Amino acid sequence: MNTLIAIIGLGVLCLLFEIFELRKAIVPVTILGLLAVLGLDASEFNAPEAYYNNMIIVTKFSSAFSGLFIILTIFLVALGHKFYENQPSKISDFIAIKVFLLAGAVAMVSFGNLAMFFLGIEVLSIALYILAASSRLSLKSNEAGLKYFLMGSFASGIILFGICLIYGAMGTFDVTEISEMSRSAELPVWFPIGIALVTIGMFFKIAAVPFHFWAPDVYEGAPALTTALMSTLAKVVAIATLYKLITVMNAEISEGFQHVIVIISMASMTVGNIMALRQVNVKRMLAFSGISHAGFMIMTLLSTTNAAGTLLYYTSAYALAGIAAFSVILYVCKNTENEDVTNFHGLGKTNPLLAAILTAALLSMAGIPIFAGFFAKMVLFTQTIQAGFIALVIVAVINSIISVGYYFKLILAMYTKEPNETRTGTPVVIYAVAVVAIVLNIALGMFPSLVLDLLAS
Amino acid sequence: MNVSLILIILLVGAFATYIAGDKLASKVALFFGIAALGCSVVLLNHFNLGENISFLSQWINQPHVSFSLNADGLSMAMVLLTAALTPIIIFTSFGTEHKNAKAFYALILFMSFAMVGTFLAADGLLYYIFWELSLIPIYFIALIWGNGDAEERKKAVVKFFIYTLAGSLFMLVAFIYLYQKAGSFLIEDLYKLNLSATEQLWIFLAFFLAYAIKIPIIPFHTWQANVYQKAPAVGTMLLSGIMLKMGLYSVIRWQLPIAPLAAKEYMNIFIALGIAGVIYGSIVALRQKDLKKLLAYSSLAHVGLIAAGTYTLTIDGLRGAVLQMIAHGFVVVGLFFVSEIIYRRYATGTIAEMGGIRTQSPKFASMFMILVLASVALPTTFNFVGEFTVLYSLSQINVWFAILGGTTIILGAYYMLKMYQQVMLGETNTKAFADVSLNEGLALVLIIALLFFFGLYPKPITDLITPSLENIIKVINRA
Amino acid sequence: MDTSLTLLLLLAPFIGFLFNVFFGKSIGKSASGILGTLTVATSFATSVYFFMQISQTHQAIQIQLFDWIQISNFKVDFGFLLDQLSILWLLFVTGIGSLIHLYSISYMHDDENMHKFFAYLNLFIFFMITLVIGSNLLVLFIGWEGVGLCSYLLIGFWHKNQDFNDAAKKAFIMNRIGDLGLLIGIFIIGSMFSTLDYATLKTAITGTTNLNITWISIAAFALFIGACGKSAQIPLYTWLPDAMAGPTPVSALIHAATMVTAGIFMITRLNYLFDLAPDVQNIIAIVGAVTSLVAATIALVQTDIKKVLAYSTVSQLGLMFLALGLGAYEVAVFHVITHAFFKACLFLGSGSVIHALHGEQDMRKMGGLKKVMGITFFTFLISSLAISGIPPFSGFFSKDEILMVAFEHNKVLWIIASLASLMTAFYMFRLLYLTFFNEFRGTAEQKSHLHESPSLITFPLIVLAILATIGGLISLPTNSWLNEYLAPLFAKASHEAHHFGTTEYALMAVAVLGGLIGIGIAYAKYIKQNIVPEEDSQITGFAKVLYNKYYVDEIYDAIFVQSINSLSKFFNQYVETTLSSLVFGLGKVTNELGFQGKKIQNGSIGRYLFAFVLGICAIITYLFLAQ
Amino acid sequence: MSTILIIFCVLAAVTLATAFLAIFSRNPIHSALWLVICFFSIAGHYLLLNSQFLAIVHIIVYSGAIMILFLFTIMLMNLNKENEVHKPRITRLGAVVSFCLICVVLIAVFINSKPIVGEYISTGEDYQSIKVLGKVLLNEYMVPFEFASILLLVAMIGTVLLSKKEKTEK
Amino acid sequence: MNNILNEIGIENYIFLSTILFSIGVFGVLYRRNAIIVFMSIEIMLNAVNLLFVAFSTYHQDAQGQIFVFFSMAVAAAEVAVGLAILVSIFRNLGSIDINKLKNLKG
């Protein structure tokens, strides 16, 4: 709770800074502030408590994920320092929106009441619509914004309908009560339908097939930093929320529901990976990659009792790799019109460090050992096999193989092609973010227990 | 003192090499390579004295993974092979200029690190990690420092990477399944499992896919020739000299003891596949126009025989396979170095452009000849010891296996001598061919000396590996 | 003492080899030649010492150096066995070897790589000694392969000529086919008796009853294939005539006197095994007889002086195998020894001729050399008489014994063998007449250079001629020293039992008569009628078939080499590409799917939402309506 | 059929009809006006269900604010004259199909489910007067209430951000 | 006090809402004018709001109505943001035809 309040306070502070003409200080102060919030969050980790009539329930799960969100936000804010340098008058707005977005995200994982959940998801979504469309002179950005907005609102409608049906069945929005009731009596069929609809809405948010169509278009059109945010923070928030939703409401996962999850997971992985193979635009490629990762993350829903740690680990690994990759993309495509692979030609020669970081990030996403991505997949597979879905794991494995194809396309472009332009300038912040993100990723790979055991009961 | 030391040396070496810069890189790498070799010899000494040099520490709690390195005779032998070949391979590269040398040598040491790890790991997941880890450096080595047309090379290398990765991922699934059953990735726990026949079959096949691609056993070999041709000499040596042996080692260490019922049940099929590889590889090698490709197919034939030996599940088969693995490691490194020496002078790998070299470079010709002979397993070379033992074990299963597998000594002689004739003999070549330099000669002599020494006196290695192989046989026969 | 002497025996040539390899070039040609010769002579001296010793003690010397190969049910030592048989072999290997080394000093003097030649020769002797004195089959196998290697190196000694290289390669590969057989035999023996050691093996085989005869027969047959390869028997004989591409001393040493007898040595060594497999023995006898006849017929029309000798060697080896097959091991050994003398002499003599003619080997371009090359001619004549089986030369005794044994067992074999002997006499004297008699048919330039060879060449000739003359003494029909000497080796009682009666004398007379008839025909044709063989193109009829060696090379080429090559082509062009495209195909299909999939993602919000709605409907239907 | 049911049916018919008309009208202004009527009919439902406060809020927010915003935008863009070319037939078909599908599926599910039997509970307590709503909203739902302000703040910043011209400082 | 749903039945509200919701969905798919599409989404949200109130009555519970407030807030916020996006598209494109927004695809 304190975390949430502090974050909101920080967002307001950002707006105040604009008023007092302290623009230069916004980014550093926000980062410092977020670090402080991170500390606050950590202090709440071992003090689970419910606040304000169960509106906010702080648990290990929520504080751990909040911590991850805060870290990701720190990276994204730091990257914004460079990204928005040409729009000084808007920087406070951008930063503030991101901080509020973080607030929405934290609310989403620590909700104790479906109202909080819904408001959280709307804060997040609306902030994302704005960020996606934020490059107002670019038609691509506008298009991305509109597409995301239309489809997102549609999905919100579905979620709302779902919540409504849950309410209709239970007569309350409080998850604890819902959980208790769901266990006891015979329920009207509204409840499972409501759960299904909410889940579908969340599937949209994490871009799972067949609700994924928005993702590539929006990722491509949105400004690169927003894409970074969507592919890392937003996706992670959505899957964490979905996981929490399903576990906390104690929705009895019926066999049919498991089948649905399995099919969607398989479809997401397969479609995402196959579609990514022929992409030229790196952001678009990562969008499809994100879709396939969504498929992987959904696998955690099959073993709801003990997969929280796994999910945290997977999302951390994925998001950190994503941050590292996007830092490099931001650097490379800063002055280019698009984010095509051609821009990466010869990066291995012109900037070996960033090339190495991008390589590492892609390897992590591909699930090559020592990077956290490998352990994430491994633990996930272990759990899924334990849950008895070996066919799903085999599909996942085949997909991992396909995914190598496009990740390596980018790596090959960096190392085997001749550079077509000279790159100058060493933006320290981008370097720092990229290095820290990838180091964290590798550290997670070396000591997976640090995160995996965090949520062990 | 325990075996993790050698891993640390190699890893530190890789970083040190990178830091040392392009000029010093090769020397620093060689230093660390030799240091690792020294370390492994010292460790061997400790091992022989009966000290415990294994290493075990908890790593991941949930799922239960430990950082467990176990040094038994088999592992030590493979580690020694790696540790001995690494400095030799680094040394052979001294005659070739490599741009961005620091990265190049660092990758070599890193690869060595990963391979040593694979040989030592006693925890399934740790083993898998090292196994995968070794793929990355060779990928970059082949990709960046390789020769030939860049597009072709890219195609070959990516195919190789994806193909091998594909195989090993199924192994990962198998490991996870085993974990699920045993509650641990530790090899001793996996050895204790009593799986049903069906389970064993699937596990066996999953492992087989990984190993068949890595080794390679036909028909999973299609990546091999192209990658060998395109990779730089060092890469080819690492691949053929050590990396193939990872697959064979793993068959002995993991596949057979974990799924013995399946291994016994389908033994004949897998032996037959190995032997088919012998014949097929030899026949395909006959018409190769590229020296490195020819050597690749010869390698296919040899490892086919080794694989057949491992699948006999007899102590002779395993022992012969291990001996032959080590012998083949040295010979193939020597032969690829020979092709590199020719490449340095003629800048070609095409056999048709060679010929008549012997008159210009008698020393080189002799050493090449010896390597050719070793490769065709002439008695007194190390390869004979291995090949004899393997063929003997095959004859114990079925004489026809021995006869068909034995065709390697005929066909092998045919294509190797044909190649030697086309490359070295005939009218003096119009292009000048400088005889081997001191460095080149030294490396070759070293390899040759080792081959002869162990060819005449394989006892140290046999004694080293036999107890652990007997243990493995015991595990295989536990049910 | 014995150990170090054995090592001296073994290692002396090896040291010579090493020295010649590393320093041969710097110490000069003569020095390297002398060094090479001395090392072999040292071995010879040691062999003589051992011979003396064993003649007195009758005790085999066994030496074990170290463990070599460890197999589950047995262990192979690196050990040596010096018994009657091996010492006998040692004597003539090192003896003739020394002579040929000596000969080579002069013969090879013009070659720039003479030190290498001596290195290889030394190496050969080293391996031959290993082969002979090894205490088990695997050490024998070292030598077996080693001599094959040296043979390869020496046939292809003039490596600039790719034809020679082809011949060398062929020799090596055909040998290896045999080697595989030998290995299989070794495997079977190893698994049956858990030992490869001769001594243990002998006790194991002779001491046990109810052995599995089938497997023993298979083992014996496999071993026999090995022997076929090394000793150039049908079907693996074609390499030997081609091996004449090597320098003549090589032909004399390796391809006449020593290496090719390895097969006989091995079978004699394992006589107790072969005795248990009568079927295999029959095969051996038949193969031997047929080989001797076939090779002899081919030799009838060859015009290359060395080719004739080569086929003669094959033919004689066939006779030895005949004897082996009939269980008369000591007879075979006897013929090995006499054959070594006269055939070495013949080869060296032909070398002397070729030397004088600066490399000319075609008999049609020789003639009349008797006048200039007296010593060569004389020694050649003696050896020819010996090989033709004319008493009192050594060949008479040995060949006669073979024929006699054959007669005892099987008349058909005897007829074949006799026919082969008759032909032998014919073609040897054809060779002699064409080369040494009548007028010189070469160019004038060659004629002006004709000369007798230097004494370094003639001396070995003389020594060998003497041996060819008196060699028969070691095993006289009535009083065979050799049989007695070898008796401890054999499991069965030796053949000396045959008392000499009329049959025997009649047989002897028939044999001699045959020889004389052969000589007579040759005389009539080549001296009286002064016929010179036609040019290649004019040969017709059966002679052409013979001249082309029954087209066996071509048949082999068509059946084996070509089929393997086309198989290789097939594999390379189709199988490899198919397999490769299968793997690539998977990738391509996925890629193409990705490409096609892009069309679905067409940017239309309507379509996206439609998919969304469909998704919802599908899930709801599945969850709540389908059950 | 009771009066209430009849009222319900009429209101429902109006709601659905106006919703359809809003979608089918070519002219956006007409659409907006139909939609306003639709909202009013929904407010009628609220009144029917005796939640007067909500009905009023609904009219104020939707008809008063949101629809005015729509109309304002339509006027701003001068869209009122646009004669929209109809989407291609396949798209229309898709729309109809999905409408039917989602309708049929959802209704089928609801019909399939167990019908509610017996009396609806009636506690008799006041649960929807302004007073009660205010208490619930500002006590129990204080946090979401505050959080909604964040939502609006974000929307506000966002709208400003999207419309604000960049200062050309360079 | 009698529960009004005894007269009408909660099912009818559910059906009404569902149909209204479906009409919203239909509108989103059917129209290419972005503004109308927005309106259709508003219809969807209103359909749910209606159901909330109906359920609120069904349970005799105020929370459902409270939720409607939030839902309205959300609707308002969405409309504000959506229209802002629409305006900037109109500025760039001169049209709000969503069929013209197909630059991002593949």
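Letters A, B, C, D and E mark the chains in the order given here, with residues in each chain numbered from 1 onward.
Following the convention adopted for this analysis, contacts are C-beta pairs under 8 Å (C-beta built on N, C-alpha and C of every residue); 3 or more make two chains touch, one makes a residue touch a chain.
Computed from a prediction, not measured in an experiment: that's the story for all the values here.
Colleague: Among the other chains, which touch chain A and chain D together?
Modeller: C, E
Colleague: Chains shared as neighbours by chain C and chain E?
Modeller: Output, common partners of chain C and chain E: A, D.
Colleague: Starting from the Cα centroid of chain B, hunt down the chain whose centroid lies farthest away.
Modeller: With centres defined by C-alpha atoms, farthest from chain B sits D.
Colleague: From chain E, which chain is the farthest off, judged by mean CA positions?
Modeller: C
Colleague: Looking at mean CA positions, which chain is nearest the middle of everything shown?
Modeller: B
Colleague: Between D-E and C-D, which chain pair shares more contacting C-beta pairs?
Modeller: D-E
Colleague: At what distance in angstrom does the C-alpha mean of chain C lie from that of chain A?
Modeller: 78
Colleague: Quick one: chain A and chain E, Cα centre-to-centre, how many Å?
Modeller: Whole-Å distance between the two chain centres: 27.
Colleague: Rounded to the nearest whole Å, what is the centre-to-centre distance of chain B and chain D, using the mean of the C-alpha atoms as each centre?
Modeller: 70
Colleague: Could you work out how far the Cα centre of chain A sits from that of chain B, in whole Å?
Modeller: Chain centroid spacing, chain A to chain B, equals 42 Å.
Colleague: Going by the contact rule already set, what residues in chain E reach two or more other chains?
Modeller: Correct list: 10, 14, 21, 24-25, 28-29, 32, 38, 58-59, 61, 63, 66, 70, 74, 77-78, 81, 84-86, 88, 98-99, 101, 103-106.
Colleague: Counting only residues that touch at least two other chains, what does the list for chain D look like?
Modeller: Residues 87, 91, 94-95, 98, 102, 106, 109-110, 112, 116, 140-141, 144, 148, 151, 154-155, 158-159, 162-163 of chain D each touch two or more of the other chains.
Colleague: Give me the residues of chain B that touch two or more other chains.
Modeller: 162
Colleague: Pull out all the chain pairs that touch, please.
Modeller: The set of touching chain pairs is A-B, A-C, A-D, A-E, B-C, C-D, C-E, D-E.
Colleague: Give the list of chain E residues in touch with chain A in this complex.
Modeller: For this pair, the touching residues of chain E are 10, 14, 21, 24-25, 28, 34, 37-38, 41, 44-45, 47-48, 51-52, 55, 58-59, 61, 63-64, 66-67, 70-71, 74, 77-78, 81-82, 84-86, 88-89, 91-93, 98, 101, 103-106.
Colleague: Which positions of chain B touch chain C when the two form their complex?
Modeller: For this pair, the touching residues of chain B are 159, 162-163, 219, 221-223, 280, 283-284, 286-288, 314-316, 319, 356, 358-359, 362, 366, 373, 378-380, 385, 388-389, 391-392, 395-396, 399, 402-403, 406-407, 409-411, 413-414, 417-418, 421, 424-428, 456-459, 462, 466.
Colleague: Which of the residues in chain C end up touching chain B in this complex?
Modeller: 21, 66-72, 78, 116, 138, 141-142, 144-146, 149, 152, 156, 159-160, 162, 165-166, 169, 172-173, 176-177, 179-180, 183-184, 187-188, 190-191, 218, 564-565, 567-569, 571-572, 575-576, 579-580, 582-584, 587
Colleague: Give the list of chain A residues in touch with chain C in this complex.
Modeller: Per the stated touch rule, the residues are 147, 150-151, 154-155, 158, 189, 192-193, 196-197, 200, 204, 210-211, 213-214, 216-217, 254, 256-257, 259-260, 271, 274-279, 402, 405.
Colleague: Within the complex, which stretch of chain A touches chain E?
Modeller: 114-115, 118-119, 122, 126, 129-130, 133, 136-140, 142-147, 149-150, 153-154, 156-157, 160-161, 163-165, 167-168, 171-173, 216-218, 220-221, 279, 284
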